[in-house]
């Protein structure tokens, strides 16, 4: 568990320390039987050039280091190594002048979310399903004291670590990523804000998931939930077949209004739809850093309002609520 | 566990014996901290007159014993004692001439279900949420070899035991009731038919529940699912507030069609709605054996198509499917 | 767990049914990852001739069937198959005239034990470390109602099954063998007599083991303990090095008197040494059915009072005690 | 778990971080159902005067603060409060001039132990059964980098905390105490030196205990074991009755030589008896800080070589060994 030594140390001193009753065992299991490629990915990390910088700018493009702080050969080396960590989904990043053009323009999502956030200054924030951790850096930009991301993906962990090891410690030390799911988290009741973006539709038990999110928030805390929804009223909930926009493992797709009903039923206060828009082909697309298929390929070529399977094309809603 | 000795013995010799890996521990926990009234209820059982009979008729009224096999004072005693086990919900029963007029005309439900059942002759059948066990007896009538009911209710267990201890052993020994939930059951894949009537709407995770039901069926087995539904199409799923028809703990109310979509998504074959009707005030009502409020009190007095909270009045659908 | 269906069924109806809270899971684990040869050994069982008999004589030689109830070719077949289940340690047996001359003359041990037993008539008896189960049959001879053996050895289980499947059901159905250790047994407090012969010296925690034996006895029950001891007084306890008489895994070798002190310390009543003798070379020796090394090879060829490692040669003591 | 926040944080950064897989859950259980007096004792801690000092001297008397750094009324207050934490067994301590004269002259024990220790400079040390933690401070004096004590006693924890909260942080932050037993510790293989003084004779399974100690040492690490022994040779192991020198819960009392045999059998290297002496009445006696009975009362008044029960009076041996 040496990899997580500093994070666990920070955790012990944080208001979330009850998490220690379950997390170390999970990390142990994770490290004992990781994804087959994990060791290779970790070697990539070790081969990255050791570049020191005290420059970081956590804006729309999350930037670490200045171009002049690295040589062209450093950048070439970074480019070669980081490309081995494909696909890069959440971003974009700029590392010493190397631009990582990710599948998602996650900055656009942040622009839609940010106006609706409770003030993050000095706050403890959790991002459930954080992917590469792009939004964790934005939360720090917005003033959060410490940010915690969980996502079971070994690749995303490695991407996060690549960015973090370049970050100035004053920033990097406040961002933590644990490769675990939410399932075994104790009812911490300790986070000021909990984000979950792009997870709910993958849950066979969405209410359990929402209840778990609730149990992580302190009294008065805020939930930010982003997920795929469908058009409809309070009683509209679609369940696709085996695949939806080529994704397996998609279950409940409520309307945004039905989602608010669910939240209220669980005791969340004032659920509010703060954004409701189809994803555009500019926001999610193949790039040099994610060369596989993307949204364009998942939609009906003749009718972009439909998925390739004939369902409603994905709309993404952002809902906020408090407890 | 002495109370369950014969049932566990039968279980060990049945195709469901893997259940022994979890059930005895659950029964132990149950017996160590039962509902406060459980001991009182069990004393009622012991005080019932010991009446021997080889007569039982498992028809619309489940009958044990003939009137002439008991005295009036036996019946008076039985009446007094069994009334202590109120409320009696599923029935009706006739015990040596004593008629137990239960809240539900469960025989009507059976009449709607039975035509759609795979042949039960010689089969192993499970009833999840079996209540007093009324339908277990009907399944035996329909030829089942052994029937197994689970329901966490201590009162229902006691009602079942009251009936069973009067039954001729050749019938009674083939009916088993365990006061546990479905949650910790192993994937037995051993039942020919699984019934779940009136449970789904109480589950916060209906798909987990349906998946658990599936895991109990042998390949080719049949699921009979009865639940409250709402009017609507494949994408209609209502979630009420804290109460629905006065019931707490009601979560997802899909349309019957949406329910079929769910079943298909989980890999059930040919889900089919075989019945779809509002419950009438004749089918569920207060009686001498259930003196509390019943359906009439849960509906809008001015509009029986609405619940007292203003939601659609309950429709009950029966869906069958195979795996 | 089909293999144990009848035994588990009997267990559920026995006073030991609390054992069901742990045993089925252990049997499951056992069956999921048995010893590499276990499947082969089980095939041997299936190939044994199906010989019916109502003759069994559970005397010094445990006899099943009469010579005239099998043909010479049956016996030849049995001989070939059962030799595949070597080594045969506890016995002897005679199966339809086929004599199994085991390493141990276990009948001699029984002759030393039997005079000191509480009456076994109608009793429930456990044999911890029962090996092939030879003594289980002797306990039935002595009147026991049901006998239960545990021993983690897959080979011994198979040997037991070979004998049991030839036994008349009226006898065989009362003898049970589970391939598990004592470690996870609940405190059954249900056996009238518990035997442990030849196990204690293999325990790194002998007092835990004795305490476990105690927890299996009903109040007033009797323990029969047979183990290797050394000469000495109440404070003599030898611990050999890596090997003792060629055995690995030998730990505490108390004097018989020290063993009695241990038993008293744990609350056993009236521990008494009822036998105390060196094992002779006639009692434990190589045979046609156990062709490996035996006692003679474990002793100093020049001084039979010493093991080959130079320790005191094994003395076996039998101690009885009650609770 | 806030009480242990800093200790857990240090643990995460130490080579013992695998301990996090079991320890936080145990601390949780401890805090959820502590000893009845624990809250009272913790209030005592809060009422102690807040005295700042950068003076500490970790010699035979463990000293914190100088007399001139506290007023007489501070000392009177401390005296009154700390007396509520009686009995004080391991010491002595001097707190700002207040002398705590403990039952044991633990400094004498340290004088016998210290010459035989591997160099503790910069080392990680564990004390199993650390009591008030007196020896932890001496280990720091001897150069240890960090010291870790475990002892399930809530009172001893509180005594330790009282001392620690007065210590200069540069010292206090390197001493950790967890109120847990050794039973659930993972095989850390991370300590340079493990002490266990005065525990072994309380274990019903002494070899399990020694094996656990072994599993905590890094390869090449040193065990220091102090326990009660009896006179005798390699095969002498006494087990007293219900009480020994008035103590309940005393099990195996080996001779020092038998203890060395045990250690060798478990794979310890070069076990060596470095001290072997009866405890004198000057070393363990009643004081103002432990007003109950002490050694003098546990021995035969007519023959100090015998306990009051007639057994050999306690001899204490110190054995060192490596792995």
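Order of writing sets the labels: A, B, C and D. Residues in every chain begin at 1.
Methods note: a residue touches a chain if its C-beta (ideal position, glycine included) is under 8 Å from a C-beta of that chain, and two chains touch if they have at least 3 such contacts.
All values reported here derive from a predicted model rather than from experimental measurement.
In the contact between chain A and chain B, the residue numbers used by both copies make up over half of all numbers at that interface.
Overlaying chain B onto chain D using CA atoms gives a rotation of 180 degrees, to the nearest 5. Set against the Cα centre of chain D, the chain with the most distant centre is B. For the pair chain A and chain C, the distance between mean C-alpha positions equals 60 Å. Rounded to a whole number, the gap between the C-alpha centres of chain C and chain D is 44 angstrom. Of all possible chain pairings, those that touch are A-B, A-D, B-C, C-D. The touching residues of chain C, when paired with chain D in their complex, are 204-205, 207-208, 211, 230, 232, 234-242, 251, 254, 258, 261-262, 264-265.
Chain D contributes residues 1-2, 4-6, 8-13, 17-18, 20-21, 24-25, 28 to its touches with chain A in the complex.
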